[in-house]
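Here come two complexes built around chain A, the first alongside chain B, the second alongside chain C.
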Partner chain A sequence: MSSLHQIKGGRSRPSLPSFMVGQARPGVGSPAILALLLTPGLIIVAAFFLIPMALVAMRVANGPDGFATYFIILTNGRYFASLMQTLVMSAGVTVTALVLCGICGLFLVRNRFAGRNVITALLTLPLSFPGTVVGFMVIMLAGRQGVIGSVTDALFGDKLVFAYNIAGLFIGYLYFSIPRVILAVMASAEKLDPQLEEAARSLGAPTWRVIKDVILPGLMPGLISSGAICFATAMGAFGTAFTLATDIDVLPMVIYTEFTRNANVAVAAALSIALGLLTWAVLTAVRCFAGNTATSGTGGGA
Partner chain B sequence: MQRDAKFYAQLLLTIVLCLFIVVPVVMSALAGVTVNVFKGLSSGLTLRWIFQVWDLYAHSILLSVMIALACLVVTLVAGVPLAYVLVRRPGRLTRIFEELLTLPVAIPGLALALALLITYGGVSGYRSSWLFILTGHVLFTLPFMVRSVAAVMAAMDIKMLEEGAASLGAGFWRRFFTVIIPNAKPGILAGALMVVTLSIGEFNLTWMLHTPLTKTLPVGLADAYASMRLEVGSAYTLIFFVLIMPLLIAMQALAQRGKRPRKRTDTAEDTL
Partner chain C sequence: MSTQIKLRHCAKTFADGTRALAPFDLTIEGGETIVLLGPSGCGKTTILRMIAGLEFPDAGGMITFDGDDVTRQSIEKRRVGMVFQSYALFPNMTVAENVAYGLKVNGVSAAERQTRVAAMLEMMHIDMLADRRIDQLSGGQRQRVALARAIAVQPRVLLLDEPLTALDAKLRVRLRTEINALLRKLGITAVYVTHDQEEALALGDRIVVMQKGEIAQIGTPREIYRSPKNPFVADFVGAANRLAGDMRDGRLHIGSQVFEAVDGWNQYNDMIDKTGPVELFFRADGLSVCEREDAHFTGRIEAVAYLGDKQRLTVSGIGPQAMMIDTHADDLTAVGSDVHCRFNIERLAIFPAHDADSGAI
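So, the complex of A and B:
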């Protein structure tokens, strides 16, 4: 049997000699054609992304405070507090979403029961709801006419309303994070090998050890990458805070008020550059880190 | 299969999470067709609010659909060739470009909008037209199209297909349009659905870029939430759901269909 494989392998390999492959390559697309293919994308990225970003950076430097404006997010107490609040909130939402979706996603992949597909479809429903709609959903849930208010009113005679403060914002961010994270968790859970788990169990590992040593490392790449996206979205989310209103000082809202109400373009630009850089840095760091765990994870599995 | 307490605890959590997502959607859909939300469903059902929304915001809704379709055309023309080059010529330059391309996703929409405003805000004919909003949407959605198409192209044996076609005498453009694009169709379709859905729902950028004459659907939504009765806001949300739901269902169906054959090839490779 193995010798047959060797013969097959031995015959198939020389049938595609390298010089023939090499001959076919020039036809793949001459440099001119490749350049032509790249042109529309290059124009879009250069004209509407690179140049505007460069202009913004210059605008900040030419502002009343010059380069110092870049550090205003650290030096100005109000901006710094807002940055911290946004960071803590985004991290909190990310962790909560990862835990909840980790449990539910794994459950949905591992078990087959009536209504499973419906539940999966419903959980991914808000995937492309704009921030404003998410904000409205929070109002429906926890606003003055919301479900939670009505239920607590009926049970305890006291209307519980928390849509319009930071708790409402947290709920809103969780609302749009769940679909993204659950999809990623389910995708990585499908790749997990149940046999590994059985092996660990048969060797006498208790449940928590199975989770810690077998399941979590397998899910990790999916959790990390979806967590990063979740974090980045929460950092930049604007529509939800905008709909819920008023006195929530997350960074995007601060940028918006600086730009529109105070016409403070240089500060708004500096703040948005800081926000963009921070988000990008987190995403990149996580991608590098996730790349490492992904390879070590498969290495450990093998 | 044994179903113990753990199973039911997990099921309960899943159902609670599901209710968390679905209850507000159902509530707002119902509120959109209720005569008076404060009195509840007993006040009766009506389509009045829906008609009112249509009278007030038909222009915004149609503008959003138009921008989404235009955005789709631009991302197709720019994104599919881009994905092809990125997959076919992997190198340091293409990797840098790929990184650059995904930046607009990582950078908050607000910052992007600010940059566009500072750069092109003075060009009056452009600033006040819907093309300005289209620009923002293209920047935001292009990475999704490229990534979706590139993923499918990377999974198929694009080189062998092209060599086969080339050995039969097909020139580059013939190969591109009759071999590569048909084979990348699942990725193109998934990317297209994604682009249209994202463009219809985009708010962060659009809110900064819009003018009173170029209001899109989500901008109108924010407007309705802020200044209209709860019923009108709900009715508007209902229209948005009706518009976006077929796209979401199509996306899920596509993902489901894509999963099955891939699984089969996986196992085939394993046994080999």
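So, the complex of A and C:
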């Protein structure tokens, strides 16, 4: 590296102004400097990722069943069902949020009307609420004394209550996810080139084809990144679930129960590792899949 | 075969009340290349978008393709090929997929698609780029792909919106020549929007010069160049020099000089018969450097631009504004020295003085 710079420096003609020659002096990109620049990143990765992960993994190894704990959580019906339930719900929240926000975000970017900024501000408001508050709101909406319950009671004589199970959690997480996704969609939609759509239409493409071939591929980077955040948040979120009920079997709740009530540290640790790995695996798979379609040109959904 | 396009009483007022186009009529013959020329904001792109079906004329306007009323038809149904300044190629598709796209959405079978795409790519000399991604192409290559994509669907009319503006000068000339040859070969009706007069003169069968939402002149390149109808057109197609004069008894008086009417002025007949102040427009070749005894005017060289095949002098002292005068590349010219020049009297555009004041940009 440094020898290359010296060659460059030697080649530079005397007529060059001194500041340009100075730029090519050795050392700027030398391994020592690069290592120094990498250090903060390495420290953070070690402190907040590698060390805690290792400690948690060791807890599993030191538990009564050792590494077999991983086998136990996969074969034990309750743990496995919880794993699947969390996965399905998070995926459901992600897909729903992407569809809703894709439509709303595109609409908000493409149309100018009175109150547009107010709507955008309202849609992004949940960003500021913690999970507990979101859970509280879901209870106000769909709980035993909730608005939906009162309305259905008055209309059909039957209270519709769904705040205290997975449906309530779904609503809560969706509410929680909308701002993140909608902001990402709006950012991507601003960058869409309207002439691409005009070109597609001039070639005879009907609206659905323009959406599939031009708009969706253009929004895809924003949809993937915000969808990833949305999915990861839903996989690990705890506050909302804890506020709604203690018997919703999503993985973070199970981990909490095993750890605090049952003092089953090894299982809690194994579930934590499984939760992390599963989330990571899904995100990686989506990224690979989306990366392939983006270059091969078939477009399609996430 | 080629489609004739008629626009009747077309006007465009935007939603905010801005009048983009005053009502106009325009007929584009089948196979003709029409160039819409004008400065930005003159309405030329709005006309193109009206023909495309991306904008619709105000009530009362009518657009027909070969007699079929397409006024309210949307762009998907009109079978128009569009080429944009920004290329507008699909970034998620390869070159071949871009060119095939129109055929695909129109339900052409995969086998035929392949044959036709290959033929298109070969015609545009980009067959070796078929599997490239768009971001791997240069600007010139991108515009070739865009052209291939637009003509692959055999559109009724090809619409080109400043297609060469984003390219460098040398490539612009080369691609312009190719587009010209392509349009002749296909015999397709084409509408070409540009603000570059050289491009307009080189490509157009006819040129429509636009000024502030109105058609200032329609004519062949020769008519536009030699006989501009008003000061705006004269100025826009490059007659940058202006002089004030007087018409009396069919003669042109400029200061103490008197010029007889000549054949080249025929198109300004009514001007020649009138008496009163006139404004003269001419290009850098309207004056030529000569010996003192042959001179009509004498000025002072303020600046010299060496252009290789010629030199362009900026000369003061002839009129109120500095003149551009071209001279031979080898002539001795020195800033600050006097220069004698003759009027090439046939290369003039003459307008009544008040027109010139109101119309020129």
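By our rule, the second predicted complex is superposed on the first by the 229 of 302 C-alpha atoms of A that agree within 3 Å, B and C clash if a C-alpha of one lies under 4 Å from a C-alpha of the other, contacts with A are read in each partner's own complex, and residues count from 1 in each chain.
Quick note on the criterion: contacts are C-beta pairs under 8 Å (C-beta built on N, C-alpha and C of every residue); 3 or more make two chains touch, one makes a residue touch a chain.
The shown structure was predicted, so the numbers you read here are calculated from the model rather than taken from an experiment.
> Please indicate which partner A:Thr124 is in contact with in the superposed arrangement: first for chain B, second for chain C, both, or neither.
first
> Once the shared chain is lined up, is A:Leu275 touching chain B (first), chain C (second), both, or neither of them?
first
> Please indicate which partner A:Phe71 is in contact with in the superposed arrangement: first for chain B, second for chain C, both, or neither.
neither
> Determine, under the contact definition given at the top, whether A:Pro206 touches first (chain B), second (chain C), both, or neither.
After superposing on A, A:Pro206 lies in contact with chain C but is clear of chain B.
> Where does A:Pro252 make contact in the superposed view: on chain B (first), on chain C (second), on both, or on neither?
Only chain B is touched by A:Pro252; chain C is not.
> Counting only touches as set out at the top, which of chain B and chain C does A:Leu196 meet: first, second, both, neither?
In the superposed model, A:Leu196 contacts chain C only, not chain B.
> Hey, which residues of chain A end up touching chain C in the complex?
Within the complex, chain A touches chain C at residues 193, 195-196, 198-206, 209, 213-214, 217, 294-295, 297, 299.
> Taking the complex as given, what residues does chain B use to touch chain A?
1, 7, 10-11, 13-15, 17-18, 20-25, 27-28, 31, 37-38, 74, 77-79, 81-82, 84-85, 88-89, 97, 100-101, 103-104, 106-112, 114-116, 118-120, 135, 138-139, 142, 146, 159, 162-163, 166-167, 171-172, 197-198, 200-204, 207-208, 218, 221-222, 225-226, 230, 233-234, 237, 240, 244, 247-249, 252
> Could you list, by residue number, the parts of chain C that touch chain A in their complex?
52, 54, 74-82, 84, 86, 88-94, 97, 101-102, 105-106, 133, 146, 149-150, 153, 155, 159
> List the residues on chain A that touch chain B in their complex, please.
So the residues of chain A touching chain B come out as 21, 24, 27-30, 33-34, 37-38, 40-42, 44-45, 48-53, 55-56, 59, 100-101, 103-104, 107-108, 111, 113, 119, 121-133, 135-141, 145-147, 175, 178-179, 232, 235-239, 242-243, 252, 255-256, 259, 265, 268-269, 272-273, 275-276, 279-280, 283.
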